[in-house]
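One structure, as structure tokens, below. Some questions next.
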Amino acid sequence: MSDFTAQPLDGDPAARVVVAGASGFTGALAAEIVWRHPKLELVAATSRGDAGKRLDRLYPRYRVPIELTELDLENLPEVDAAIVAYPHGAAAPTDAALRAQGILVVDLSADFRLRDRETYERWYGEHGAPDLFGSGVYGLSEIYREQLREAKLVATPGCYPTASVLALAPLAEQGLLSEVFVSAMQGTSGYGRSSDDLVHFSGMTENAFPYKTEGHRHRPEIEQELAALGSPAPVTFVPHLIPLDQGELATCFGTLAEPTSKEAVRALYTKRYADEPFVHVLDGPPNLRAVRDTNECHVYVTVAERGRVMAFSAIDNIWKGASSQGVQNLNLMLGLDETAGLL
Amino acid sequence: MSDFTAQPLDGDPAARVVVAGASGFTGALAAEIVWRHPKLELVAATSRGDAGKRLDRLYPRYRVPIELTELDLENLPEVDAAIVAYPHGAAAPTDAALRAQGILVVDLSADFRLRDRETYERWYGEHGAPDLFGSGVYGLSEIYREQLREAKLVATPGCYPTASVLALAPLAEQGLLSEVFVSAMQGTSGYGRSSDDLVHFSGMTENAFPYKTEGHRHRPEIEQELAALGSPAPVTFVPHLIPLDQGELATCFGTLAEPTSKEAVRALYTKRYADEPFVHVLDGPPNLRAVRDTNECHVYVTVAERGRVMAFSAIDNIWKGASSQGVQNLNLMLGLDETAGLL
Amino acid sequence: MSDFTAQPLDGDPAARVVVAGASGFTGALAAEIVWRHPKLELVAATSRGDAGKRLDRLYPRYRVPIELTELDLENLPEVDAAIVAYPHGAAAPTDAALRAQGILVVDLSADFRLRDRETYERWYGEHGAPDLFGSGVYGLSEIYREQLREAKLVATPGCYPTASVLALAPLAEQGLLSEVFVSAMQGTSGYGRSSDDLVHFSGMTENAFPYKTEGHRHRPEIEQELAALGSPAPVTFVPHLIPLDQGELATCFGTLAEPTSKEAVRALYTKRYADEPFVHVLDGPPNLRAVRDTNECHVYVTVAERGRVMAFSAIDNIWKGASSQGVQNLNLMLGLDETAGLL
Amino acid sequence: MSDFTAQPLDGDPAARVVVAGASGFTGALAAEIVWRHPKLELVAATSRGDAGKRLDRLYPRYRVPIELTELDLENLPEVDAAIVAYPHGAAAPTDAALRAQGILVVDLSADFRLRDRETYERWYGEHGAPDLFGSGVYGLSEIYREQLREAKLVATPGCYPTASVLALAPLAEQGLLSEVFVSAMQGTSGYGRSSDDLVHFSGMTENAFPYKTEGHRHRPEIEQELAALGSPAPVTFVPHLIPLDQGELATCFGTLAEPTSKEAVRALYTKRYADEPFVHVLDGPPNLRAVRDTNECHVYVTVAERGRVMAFSAIDNIWKGASSQGVQNLNLMLGLDETAGLL
């Protein structure tokens, strides 16, 4: 294919960026979004297993023509910021090394999401950079926007917590939630690139199933954030895999601390998200096609017949649920327009 | 195509059967199952809009080579039983006319599912055969088997109630359920044949969404049956459409009247369904491919971290959720082996 | 949803545009592309059946927030150009009326593609604007670029001719093709919005089939263009529907007038398309995901074991195969950068 | 899940069967079909990598509850026949060892399909049992039925040759074909279980592409069989992968040695396949859903506008294209009804 290697930059870049771990689904997308970004220069995209391959060949649906290289922390190219798309556990030590060189870090892994060490260790094992534990800012800009503007290390939320917390935040902030049940569903991009029988097209077409029924590590993350907002409600959570690529729907049932009308609940949501550039409160159920390949979160809330709240949110799990949300965070850290490169 | 019109009957048929409304998804499948059944003779399959067409041309995935005819209640062929796959409201008067001629009726519509007249009218409008209201036996053989053996008019349960009630029955029977939340998902065969933008392949691929969020008429049916079993629990219910053809998953959250261990809950399920030919209690999450094109219901139950029950069930929504369950009922009504034609 | 009605224009628009017939698949996409275009102002999008509906509600995957109105040719808003997405036959009279008011017209229908009146009538019936018959420029900019710069009425090619002619043009231009066989496949967006059993998700998933096996009207269009290029070769053509939404692949077999090596053939292609912004000659087989939602055409050519040419091309059937190609043409007609709004 | 380990045999089995290589797609299906077969006893299903796993857990869509074991050729259980689903090259030595013990062998690999040693070596490398080379009977019962009744070693045809040869045989037998072009498409089950990026659901949904464009080893197999029937025509062949699980469509273009009318061609087909239990000549284009999970081949033939033949055939690539065709062959070898266990 004819090469088209120059990035479509709009003037001088605001930052030079490396994406570490760019051969996986979220890292590759992060590289693509940075490459298309008018103000970020993609200096390198790294991978251990696929070094030497061009990213747009590995992922024909992307444009970024960069060749993957190995990350050498001792001899980094000059960069201002890094997006780290490593597996949980492996990310923290790399983050630490990057921070030690003064580089801004957006971590897409879970390593800096949880603020309780014991909970972290229960779900993820020993932490890879204990000195930094808890020092990341939780990268949900709709809630932590001001802290993110000052942040040097950001923990991009998990995809399910992103969808669930945005679906419930207006209620949680009022202390209204007394118990929460979340049934979520996601496409196979959430399963990651490492293929096996489950996500072989032949196994997944005309199929769907719940998974991690005995406990998913996103549950404590959701509980942590709802509590931080004002509703320390117990959360019961179960995810499902459904036969599509990109998209995630969180269906949240909530019991309310006090009876609240449908109108009052909706007014809370409309007001809460009125100025959010990426959260849209709908007047009917959301659908996944409407958010595919976007950084948007579509929310709908209603009060069901038995007085229980049902709040729905739809995101693209590898965009708003991971990579584009990481870039949204980076925009804030760099003082750029929060929506740059994301509309 | 070479015709192969003779039914593969095994000796004399036990009953001559007509399927009324055989051009829709559930009626066509009912005709197919009857046609393959070793003991039932498919005498006619009827349709208003598609009379004159051969059923296996209308539905290339089926074998039944019968030509659709119009139903003439005044001049019925000699039949012993009818499966009625009419829309809600339209089924009842036809059922009444068939019963008046002494014909056994398996109704796939909602017309005889609800036992409270007011509830029926709220969700479905005026009843089409008021004298017969409430006279049908609820066709969930796992619960009403003995009554079904004597029944003349059977109301085949809705697909969501089938999945939800089977998922929760062992707990409901012990009076253990104090509140229930059901998040269910279904393929497009549940939406019916009448096409529109929503189920056009171009609208549905890579899409999923909740629907009927303000209230679905299967909710009171689920409540009715859980109460009848011993747990008059409030039910909050929401269904989703996902991009597959056949398959339905009910994800049920329950709060328990008293703390019960995972082991105790599972023992209840294993015992309750030990002798059921079509309900299998799994030791892990069910998946839809395993029940596709079968009359099976796969159930899995666990107790989640916050002490809440999660019960899952997977069925094929147009098989066990409609047509093959109708034939299961007919087998019982006719004194045949309950599994005849369904394994 | 929060409204976001202002178009993201970059300075003064170069033209005010109406899209007529914007409720169908190609018209809706044309409106979306115009709305996102930095230099075109979308003045109106019209529809008879869906007037009053907002386009982004009808097609949740699109952003264009315009409300559909009825087209009133007597009282048009001030517009410079129109994209007409009407059915074949109905487009021509509207095109004529628009041209009579001096409006530039890009027609997405077949009404001005064929240059032989008899052939047109055989495949499409009587022409709706006989005086204008043959007066359109064939909108394949890779071949008719100079004429398009002067054109007032452009006939956007059919999707299959777009893919097939671009796959074969470098050989056709050398007079090398003596016979051509094209087996093409397309997703359901090519079938159009008018739903029926064939494109119901339940009928299409896990299915694929040839259609129009007795003759497809795109065949004479392919023959016309190959002949115009220098190879009046007989073409045998058959299309297939496959279970995806957007995407079209043309697999072309050609017998060569004289033996030509794989290297020589490939050199022809590389040279021919070296400066084309949207045609990329690959060094291996194309795939549909790589062109989805783009105006690109990916071409690959090889010489098979028996000395026959195999040329493949992949496009998005409603983008390069219809709507975005229409905008590419409009860019040329308006003297804009050909790629404006399309990268 | 409740176990249901007894095979549903109908009286004494006609043969005890082992399936070797039962963890792959075709081997697993062969085990399933044998297990459901009323006259074949499934004695063992073997696998190196998955020994110890139960087959119905590995493939939830199947019922066969047998535990996979390792094949020990020195200590075989008492069996009369084997179905060998090994990779090409590995199958031949196992076949030889089984034959040496007097066991009937149905080989699903390519090791005994080609009758020209040089061609075999070019496409598959050195043969694993040179003494037996060419000694297998080609397992296309519609052509070699009589030889198959006497066969001890059968080479089940490749999926593409099965579809292509059945699509063209009536013409080939008359010596009418002078050149053939085949464009075929197949679902991901044809790609095999060994997952990689290509058949990850995320890579395959909304995608399609040609593969093996520089030469596919099924081409010489198709040429061999057409020549054997009477038409030594050059064949140009290219396969495509499309986003479905099971199903294969061969679209065949043929130039005829002499002009022949559509009616004459169709009469040839109707007559040729009149008595075939599994080949149905349709009066319109075939579709894949109609043959899914069956041993059927649906054929349609027409003469296109330029006088070229188009012949289409649809099969399920892992049923008639592999495993069920293997059982069809075994039925013949054992003197059973050819259709036993396959309707």
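As written, the chain order gives the labels A, B, C and D, with residue 1 at the start of each chain.
Note that in this section a residue touches a chain if its C-beta (ideal position, glycine included) is under 8 Å from a C-beta of that chain, and two chains touch if they have at least 3 such contacts.
Remember, it's a predicted structure, so these values are computed and weren't measured experimentally.
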Return the chain whose centre of C-alpha atoms lies at maximal distance from the corresponding centre of chain D. A
Name whichever of C-D and A-D has more C-beta pairs touching across its two chains. C-D
Averaging over Cα atoms per chain, report the distance between chain C and chain D in Å. 39
Averaging C-alpha coordinates per chain, one finds the centres of chain B and chain D separated by a number of Å equal to 37
Euclidean distance of C-alpha centroids - chain A vs chain D, Å: 46
So which stretches of chain A touch two or more other chains? 187, 205-206, 243-246, 287, 289, 292
Chain A-facing residues of chain D, complex: 25, 58, 187-189, 191, 193, 195-197, 199-202, 204-206, 243-246
Which residues of chain A touch chain C in the complex? 1-2, 8, 60-61, 205-206, 274, 280-283, 287, 289-290, 292, 298, 343
Residues on chain A engaged by chain B in the complex (per definition of touch): 181, 183, 185, 187, 203, 205-211, 213-215, 219, 234-238, 240, 242-247, 249, 251, 253, 284-289, 292, 300, 302, 304-306, 308, 310, 312, 314
